[in-house]
Structures are given as C-alpha cells and as structure tokens.
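For reference, chains read A, B, C, D, E, F, G, H, I and J in written order, and residue numbers begin at 1 within each chain.
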C-alpha cells in the first residue's frame, strides 16, 4: 500500500559538525536499506530545499509509522503523509 | 527532468453530466497517451479526494507548461508544481 | 486499518429542498449500512457545525477511497483524511 | 459529554534523555489510568507523527480542562479541542 | 456550561430584500427569546463587520448544537465554537 | 467602551519555577484589581489551553493599551484585540 | 479616537455598469462628506489593488460601526479594523 | 511618495535590560529625527501590541529601504510594506 | 523605479469564448505596448499556471497603479506588488 | 532555463559580528561570480526586508539545486522556487 511522504529537515545551525555528519551517514544507510527492501519506493530531492518527496510501500499504517519514526533524522524533521491508491487512468501496473 | 505536480479537480456541482463525462473521457485518453510516451511517469490518486499526485518527466519548464495547460480539465484544476532532482541517497537510477 | 476522516457539508443555500432531502436520506442510509458492516466505526457531530468526525476501518487506502467517493453528499463535501494506528499507551484492544 | 482532542508533542531535541523518559513514563501511566476510568475513551496515534487523536468523555468543560492540564507532557504540547455530540445518523448508542 | 461562539453572516448581495428582512426579523426574535431564557448570555457586535461575539450557557454540547442550528440565519453563517470554563483569577461568580 | 481580548501565555519550558510563580501571583493580583474596578469585565479560561477570553471596558484605545501592556505576563503573551459595540438584538442593557 | 481601517472592494464582474457607477458615485460623496467632517481623517489607495488604507477618528466603537456600515459599497467589501493610539515616539500632536 | 509600513518588535524576553533601554532610546531619537524631516509622516501605536502603523514619505524604494534598515531595532522587527498613492475620493491634498 | 508584480488570471469557466478571446487580444496588445515603452521590463510565465511574474519600471506608485488598473484583464486578476531596489551585490547596472 | 527564486535571510541576532561579516563577504563573492557567469541573471532587493528576488538561468533542476545549496548563507535562508518559461506576450527575446 502506497503513501506520499514529504520530509523537511531542520537541523539547528549550531549543531556539532561531527554529530551532524554521523546522523546523516546513518540516515543514508537507513534510507538505502529500506529502498533495497522495496519499502521506500521513490526518493526525490525537492530542488533548492533540504526536503524530499518520497513514496513508501508499507503493509499498513502501523508499518508506515514504525518506518518513519525509525529515521535517524526523525526528531529534526517536519513530515506530512497522504495515503495513495491506484488512479483509474494509470497505465503503470506497479503504481497501485 | 522531473517535476512533482499535484492536481485537484473542482467541477461545478451543476455541470451537465454528458459534458462532464465527455471531458473526463478526453482527460483519460490524454493522460494515458502521455504515460505511454514516458512524459507522465507516475499518476496516483490521493485517497478520499478528487486529487492526484503525479511525476512528470519533461524536457524543460516550457514543455511542462505546454503539457499541463493541454489537460482537458485544466480550467477546473488547482495545480501546484515543484521541480525535483536526484536525491543523493537514492539507489533508483531512474529517479534522477 | 483505521483512518480519521473529517467531513464538512457545503450545500448551496438555494438548492431545491426536495432534492436536498432526497440526497440526505440516501446519505443516512449509506452511513448506517456502513456502520452495520463495521466499516464506519464511529460517527460524531462537531457541535455547532455541519461537520462530522468519523473513524473508518478499511482494508486499505483503495477501500477507503471507494467508500468515501460513494457518499451521496460527496461532491458537496470538504474532506480531510489522516491514517491512524495503535497508540502505545492505549488499553483499548480494538483501537488498533 | 464527548470532546475531540488532538495533541502534538514538541520536546526540545536537546532534552535530557533520562528526564524525557521519566516524563513519558508518567504520561503513559496517567493516560492508562484515565482510560481505565472511562474518561479517555479513545486514543490513536496519527501515523508518521508524534501526535494523537483522542476522544474524552468529561462531565463538563471544566473537567476537560482539569484533565488536559494535568498531562505530564502538557507544557510541551500543542492541543486543539472540539466539542462533539451525537450524530443523527449514528447507530452506535455509545457515540453520544 | 459556557461556550464562546463567533458568527459571521454572509448573505448573498442579490438576496431578495423582503426575504432578507423576514429572515432577520425571525433571527432577532429567536436571539431575544434565548437571551430571555438565559441561554444566550452575551451578544456583542464586532465593530465594522456583520459578525458577533456571543457567550452561550447550555446544558451540554448537544444543547449548544441544537440552539445554533436553529438560528434562522444558520445556513448563511460561518461559526466558530470554543468551550469555556471558570478562570482561576476571575472574581465574577457567574463567569463559571 | 468594550473590547474583546484573547490572550495566550507562552512561558519558556525552562523558566525558573520561583520566578514563574512570582510573575503569576502578580498577574492574578493585577487581574483581580482591574476586575474590582470594573475595567476587566469578564475573564474566562478557554478549556484545554493556557488562554483566556476577556472583555475589557476602557475609556478609549489608549486606556486599553495602558491596561494590557501593564500585565505582568505581557511579554510572554500573544494578544488579539477586537473593538465591540452594542448588538441591535441584545436585550442586556449592560452589553453596550 | 483613531482606528486603522483597510477596505477591499469585490464587485462581481457581471454587475450592471450603470448600477456600479451609481453606487460608486454615492460612495465618493459619502467619503468626501465624512472627510469634510474630520471623521475620515486619511484615505489612501493601495497601489495596484481596489483597496484603501484609511484612518478614522470616531467618538467610540459604536460610532465607527455606524460609519462603516453606512458605506454604499459596504456589502461588497472585506474590512479589517485595528484600534490605534498615540505612539510614545510621535512628534505629531494630532496623531493621538 | 508614500508607503504604508507596519512594524512589530520582537525582543527576546531575556535581553539585557540596559542594552534594551539603550537601543530603544536610539530608536526614539531616530524616529523623531525622521519625523522632523517629514520622512516619517505618521506613527501610531496599534492598541494592545508592540506594533506600529506608519506612513513614510520617501524619494523612492531605495530611500525607503535605507530608512527602514537604519532602524536601531531593525533586526528584531517583522516589517510589512505596501506602496500607497492618492485616492480619487480623497480631499486631503497632502495624502498624495 | 522597479516593482515585482505577480498576476493570476481567474476567468469564469463559463465566460463567452469570443468575449474572452477579445479581452485576451487587448491584454496582449496592452502588454506589448508597455514593454516597447520600457515600463513593463520583464514578463515571464509561471510554469503550469495562468500566472505571470513581471517587473515594472514606473515613475512612482501612482504610475504603477494607473498601469495595473488599465490592464484589460484587471478585474479578473489577483495581483500582488512588492517595491524593489538595487541589491548591493548586483553587478547588473540596469537592475537598479 | 529560468527559475524565480526568493530568499529571506534569518541570521540569529546574537551571531558573532566577525563571523557574520565573513559569511556575507563570501556570499557577495559567490553571487557576483554567478552573475558574471550568467547563471544568476537578476538580483533585486525587496525594499524594507532582508530578502531578494532573483532569476536564475540553469541547465536543469539539479543545477539549480547545486547552485542554491552552495550559497554561503544557505542554512540561514528561507527559499522558495518557481519554474518559469517564456510568456506568449513577451517581446523580450531573452526572457525565455
């Protein structure tokens, strides 16, 4: 089941650089692992901002919640969620 | 080049049913033709609303404008656009 | 799977009274049938407004979309949707 | 008498972990006690966020105020309240 | 139990004058009757607008809903509601 | 002359407790003194929040400004003001 | 006593031209009469819009309400009001 | 050429008192000097808030920018600007 | 003197096509004449919408107002205006 | 390909002055270099605020993102982006 998720990262300007680098490295590993598993189906950067547009494929709402709250950057993010479903005009079998 | 486009359709409640059906049929044909060409890459319904989340792959901003203003439902739509680019953590070669 | 849905009805002030009564009767029958099936789990009126707060229990996002767009008053409604899941502090087994 | 209450928790990112854990433990105990008493009737997590949707059953507005301001996390919460009443189409006797 | 209610009236500019006058007369009678009963405790005009600030004293949320939806101008109003309770610094016994 | 005033208090979560208690005590004394003088005519708590709805009776706009900026909690408040006048349907002689 | 008033005129695009001209002529006469009396102290056009910024000098809130609701264009206007008072740094004796 | 300028001052609650007093004294001197020169034509306090409504008379946009960024309190202000011009119904020769 | 102007055109969906075409033709001629005179310095389409971003070079605020209210589509437009001035980092002599 | 970009700088009031001066100097050099290259086509100050309106000419969305995130002041900026294209009524060949 698919969800549209938009995340904006708001790191404090005075965060320790080493700490920031370490969290971002974990975030990247976490994102790539979920992509490999097919859970994080799409991940795009919104041009000009520290935001992304993502499509998640989860078993249910609880699974989505577990995945998002596990993000290493979660506590510094503003997140919006919208449940998606297949569009009657779509020709892409996988965009269910 | 990719763009996030969100469209909400606002048809007047008293629109002639035959006219509405005819416009929607043209809209569907238009959407499917653009999907076949690879220009309208993704098309999802936002659950519970007469809205969609779409990803377009266009040559440039002018191409995007031409494609969107050609929508048969264009004059009854509220549309938002955000330019996208590849995310550094993406593993999907095609989500450029 | 549960969803929070808020609906506000905006009927035009000059709508034919008989037509309005007929649509509202169909809306009531539809709502009661879905409650009997356990799909529309809760339905409350927001005091002072022509709005409701509802909890739906659907198989997935597509099921929710089908149920909401089937509402006889759908085209006169403003609807918001939020996916819900079990709260770690909840003691109600059924509020999953 | 029922009320819709939505709470969003905004803990500072640099809060002492032990202090945060202690407040959250007290919050959980408080929430479960009120649920046992039937005052906090429903408690759901909004998927993807540190927010909940709750239904309270209180004697009156003053009782609601006392219950909410007693929340251990109260000073870090953004709270909205809407008074509810029975919906004429509801078949659930208890959703008064 | 007290509630803060704010109402803004939005009559269409082309409404028949006799019809508007008749509805407003019924609105005034309704408002004065509820004031006599002590239900509509305060009624002020917001200077410069077709809005009012009102304090209602109702048995419960359902009573408030019944009173507000009975307003002759109800379908042309935008209404907001907030539940009130006694302020700990108030010296007015009646502002419970 | 009457004014609707809504105040929301936003004290920093890490304010010294003794300092907060001292300011709140001064605020209470100030509020009660103005109520005794008939200037602060009504003071209600908005249920569930650290906000109030108040009605002030002041000689003029300058008097209102002097009274509000004299509040001990003034610098931590968000305040909105609306000038009120007698409603043509009011039966309360004092709600001028 | 001074008030800041901002008015935006929203005439329907299909209003009868003669009717519009007649109302605007009455509006102008009304505005000039109030300026001659010293009640409408300042009247500026906001560049690029059918809006104005005005300063009114009224006896009290009720007087302001009477003056504004008497505007021939009143029912097609969106109006905001803010009460003003003398600024401690002002050197203009008349900007009380 | 005239501009409507609205300024809201947001000083941190923990600012050093002597520093605040010194900046406010410079702000007052600056404001009075510009009033003497006829550049800051009007300056009113918005009742109940640490805001003002001002009318500036500047040679051009660049002059306005220079004057506003020179305000001693500039970095703690939220400022909005609207260009004004003579209203066709104005009788005040000077409100050009 | 430069101004940023953003215009969004909102033509009613049922406008007579010949009338719309005639107004748009006049709008185009008007826009091109002002560009030839150097008053309408830049005119861009915002991709995906019936909006433009424009830069005007006018003698003063009154000139800007005269130019904008003369637009044949003016009554169907939503317009925002911001006064511009030379940026200290600009190397373009003409972007004053 | 052109983009409208609006940037607002929000430096903390207590930032070290030497550090702020150093960052601003790098920002200026960066802006002037991009202007020389023809990438940052226009740069205007919005009068009265620490904001600018800019037009960028980039190869694609990814190029725009790279240019904006390279701004020395980037982490203290609020940025909005809109893709532009040639307006059918434009006579300026270069405003493509």
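Here is the rule we use: contacts are C-beta pairs under 8 Å (C-beta built on N, C-alpha and C of every residue); 3 or more make two chains touch, one makes a residue touch a chain.
Quick caveat, the model's predicted, so the values are computed rather than measured.
*Asks:* Determine the shortest chain-contact distance, in steps, between chain A and chain F.
*Replies:* Step count on the best path from chain A to chain F: 2.
*Asks:* Are the two sides of the chain I and chain J contact the same residues or different ones, given that same means over half of the numbers occur on both copies?
*Replies:* Mostly the same residues.
*Asks:* Can you work out the rotation angle that lays chain D over chain H using Cα coordinates, in steps of 5 degrees?
*Replies:* Between chain D and chain H, the superposition angle is 145 degrees.
*Asks:* Would you mind pulling out the distance in Å between where the CA atoms of chain D average out and where those of chain J do?
*Replies:* 45
*Asks:* Please compute the C-alpha centroid of chain A, do the same for chain D, then give the distance between them in whole Å.
*Replies:* Those two chain centres are 28 Å apart.
*Asks:* I need the residues of chain G touching at least two other chains; which ones are they?
*Replies:* 2, 45, 47-48, 61-62, 64-65, 81-86
*Asks:* Give every touching pair of chains, nothing left out.
*Replies:* Applying the touch rule to all chain pairs gives A-B, A-C, A-D, A-J, B-C, B-I, B-J, C-D, C-E, D-E, D-F, E-F, E-G, F-G, F-H, G-H, G-I, H-I, H-J, I-J.
*Asks:* Show which residues of chain J lie in contact with chain A when the two form their complex.
*Replies:* Where chain J meets chain A, its residues are 5, 12, 61-62, 64-65, 68-69, 75-76, 79, 81.
*Asks:* For chain H, which residues are in contact with chain G within the complex?
*Replies:* That would be residues 2, 4, 27-28, 31-32, 35-36, 42-48, 52-53, 55, 82-92, 95 of chain H.
*Asks:* Under the stated contact criterion, what part of chain C meets chain E in this complex?
*Replies:* 11, 13, 45, 47-50
*Asks:* For a test of understanding, state which residues of chain B touch chain J in their complex under the given definition.
*Replies:* Interface residues on chain B, with respect to chain J: 1-3, 60-62, 64-65, 81-86, 96.
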